[in-house]
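Each chain gets a letter, A, B and C, in the order it is written, and its residues are counted from 1.
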Amino acid sequence: MTGICIIAGALDGKLSRSSLELIGGARMLQGPLGQEVAAVLLGHGPGLAEAAADLHRHGVGRVYRCDHPLLTAGQTDAVLVAGEQVVRRTGPEVVLIAADTVGRELAPRLAYRLRAALATECVELGVEDGAIVVRRQVYGGRALATLVVRTRPAVLSVKPHALDVPQPAPVAGTVEDVSVAIDAGALPTRVREVLREQAELGLEDAQIVIGGGRGLGGPEGFALLAELAKQLGGAVGASRPPTDAGWVPVNWQIGQTGKTIRPALYIAVGISGATQHIAGVTGSRTIVAINRDPEAPIFSSAHLGIVGDYREVVPALIAKVKELKGA
Amino acid sequence: MEIIVCLKQVVDPELPARDFAIDPATRRQVREGRPLVISTYDENALEVALQLKDRVGGKVTALTLGPQGVAGDAIRLALAMGADEAVAVDDPHGVGLLGVEKARVLTAAIRRIGRFDLVLCGCESADWVERVVGPLLAEALAAACVTFVSRIEQTNGGLLVRRMADEGFHQLEVRLPAVLSVTSDETNRPRLPKVKDIMTARRKPVQVWPMADLSGTPADGDAPGVEVRDVALPERTARCEFLPGDAAAQVAALTQRLRDLKLL
Amino acid sequence: MDFELNEEHRLIQATVREFAAKEILPVAAELDHNPRYPAEIIASAAALGLLGLTVPEEYGGAGLDGLANVLVQEELARASAGVQAIVTVQNSLVCDPILRFGTAEQKRRYLPRLVGGEWLGCYCLTEPAAGSDAMSLQTRAERRNGEWVLTGQKIFVTNGLEAQLCIVYARTEPVPGARGISAFLVEKSFPGISVGKVEKKLGIKCSSTVEIVLADCRVPAENLLGARGRGGPIALATLDGGRIGIAAQALGIARAALEECVAYASLREQFGQPIKEFQAIQWAVADMATRIDAARLLTYRAAWLRDRGERCTAEAAMAKLVASETAMWAAHRAVQLFGGYGYIQEYPVERFFRDAKITEIYEGTSEVQRLVISRHILGRR
């Protein structure tokens, strides 16, 4: 067993951003472990050539490309079969997987089949005293657990957006096409449809995010937040209660389940501050909270607090911002 | 449909910060004296199971793993909500098992329960948040696996499920038997038990199995390949600065601060 | 002596607490500022089984004991005393007497609907000239053509506006006092019964308080509740349970006041520190907590006695007396602790102050409770 292997997903036909984040993780390990990094690229279609090139551009020299019509969005069973075949053939010590929709199912199942050590949702990877050490958020983000990986092989899944996409470091790389056998009839699950929701585009990349919570009282409150976001040039998201109640699409959810964001400015409106929501926003540089309840836990995580009714504060803020922009 | 729902009891995740503490000896949260609840998404899993039973008939078995005195409340609530029977695997040492270890014990318990069509659990536990138990159970039980499922329908030959995905949803056809991990959704908010059912829950069968009696317990087999070295609280950030006055004054102060921070 | 609640009681308490937090608390202030009958809350409460807690399963109830009722009432009142008033009347003043004194046919006819929330019930005892001296009531019921015909005026009837069933106490015998009274189950659909004046009140505003007018109201003979001439003891036995329910209401209001004070004292800073650092505030909180606990134990004890079928008139009176005076005192203290903010409707304590007052008055004023208790000790004249 040798080497660090990144499972690079291109299930939508192009390289996922979280695959690039894995490269950053691999870089933390490769030097100290003295191991090489390779990538197993799984997907289908002409986009795979560019995906391989992108991997090379970021310093991953050896790419095993696996192109199969069943390797598409959400098809974890096919990805698992292909991934297991390729990983067994290449025999790495460490497999890194992005904990996205497919990855979070793939990692434990692959670890089971390989009888590998398993650590999921890692936010930091490193090597200390020769051992792989990872950190992960626990207790709704209130604490950080440090785990030492004692056995090999090891499968580590990395929380999306926890690591930065590394700087390009182009190398002249190779692409080896690997064919895998997948028996479609034997797969117990099949994606019938992929429904893309009207996403709050760029929620994870926005520099300014406004989040709405249960305190908005209903879906109408989000119209006000949308106006504020427009004035500030930001995106709108939500904590869990509005998405559970169906006031906004589920993929607007920010939190431990949902998106992790690290904007320069996060404004939480009518959000009580449940720990699982806070876990999704602690990386924000400045957090402003607007809430009627001075006791709301959100204020323990906020930098600036406004105790008040959002129905008064947000329109006033919109007006003020317009005024300042006009001036 | 024979459905087994795995329920974990955890310290209330909404505990005030001042009551949250890590025990350095166990490297886990201090549970003594803290209120316990069923892990958030496990409740959604139970609700999904009950709704499916309401629609297609069958039986729902609640399965817990933990110190018996503690798991009792989770079982009582599950039976009051409508589960038909319960199995409590008694682990007297309590918490501290990693997901891989729990999955092994639960697998042995499920095998002993016998036949099942569907196993449901929460997509992640509110405390340790590994997100592994569902997929590991599926592998061990040779069952189909989908995680982060919000809705389930029965179809000819299996299930149609909705999985929450980064870009929206996936609709998947799933063959039985299956292990699904469940996330919350407007359609699966856990029901409050009727008081009548709280009383009749007493009469429903509950089996208690000592963990040591089950094969596949942590004592058997390999130790997990990872070890928890420590659990630490991150540094406290600065106290929140409350902006004073009425809405106009607060907004003026806020915009000034945002300009100072070059965010406006 | 075991002071622990058993597991079912704890789960019931936790369930109702969650129900109250999710469905009642968010609208409690609104229900007071813009009063309306909280139909959707009462429907949800019925679905959970909260409208006929002690009614046996055969009539659709949960068959719980009086202690469970106390726990439920306190949790509801903590969120909204007005909502709880509606629920406690249904449980203690309507379902309970039908259970204890009704025929099998009456129980079969009325209990399932009351428990299921289809029908609301009310209790008609007080009259313009018969308040504390309730047994001097003058509404009369005459036998005519095989029916009873009721004539009179009842006031201060909780739930009277929305109720479909009224338990009416009327004089059937030509003797004064309790011995001349009988109880009747009167459906609003019977000819001759109507709602008169609808009162505007100081507190518990979402629960209706009305006048019920009986003008030759014809009631079938089979709707006599209990034996003829036994209405006095029926009313009094019912009040024992009713008073325990009011004691629980008062506990809920008092606890609300205490919890708001604790939260506020941690947040409000004056003279450079949170006000909870000041001894005056600390002592106020200590007194509140202690007196509420004392009232709670009295209430539990009264419920326990009643559940065992033992006489509990004096104990119920003690519980109601102490709990209601504690609620009024605690709410008053809370307004004071909040200072100027305590006077403002945006903060809930002024509502607790207004809601608490009624607990010292209805179902027997504090003066009447003292009368009841002293008679128990000193004997009657």
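Some points to look at:
Heads up, the rule we're going with is that a contact is a pair of C-beta atoms (placed from the backbone, for glycine too) under 8 Å apart; a residue touches a chain by one contact, two chains touch by 3 or more.
From a predicted model like this one, the values you see are computed outputs, not experimental measurements.
Taking A-C and A-B together, the chain pair joined by more C-beta contacts is A-B. In terms of Cα centroid distance from the overall Cα mean, chain B ranks first. Per-chain CA centroids place chain B at a distance of 40 Å from chain C. The distance from the centre of chain A to the centre of chain C, each centre being the mean of the chain's C-alpha atoms, comes to 54 Å.
Between chain A and chain B the centroid-to-centroid distance comes to 21 Å (mean Cα coordinates, whole Å).
In chain A, the residues that touch at least two other chains are 294. Multi-chain contact residues of chain C (touching two or more other chains): none found.
For chain A in complex with chain C, the residues that touch the partner chain are 294-295. Put simply, chain C touches chain B in their complex at residues 7-8, 10-12, 15-16, 18-19, 47-50, 53, 57, 61-64, 68, 72. Within the complex formed with chain A, the chain B residues making contact are 13-14, 16-17, 20, 22, 27, 29, 40-41, 99-100, 123-124, 126-132, 135-136, 138-140, 143-148, 150, 160, 163-175, 178, 183-186, 189, 222, 224-234, 237-238, 240-243, 246-248, 250-252, 254-255, 257-259, 261, 263-264. The part of chain A that touches chain B in the complex is made up of residues 73-74, 76-77, 99-101, 104-105, 107-109, 112-113, 115-121, 133-134, 136-140, 142-152, 154, 160, 188-197, 199, 208, 232, 240, 243-246, 249-251, 256-257, 264-265, 274-276, 286, 288-289, 294, 297, 299-309, 312-313, 316-317, 320-321, 324.
Residues 72-73, 76-77, 80, 192-196, 198-199, 201-202 of chain B are the ones touching chain C in the complex.
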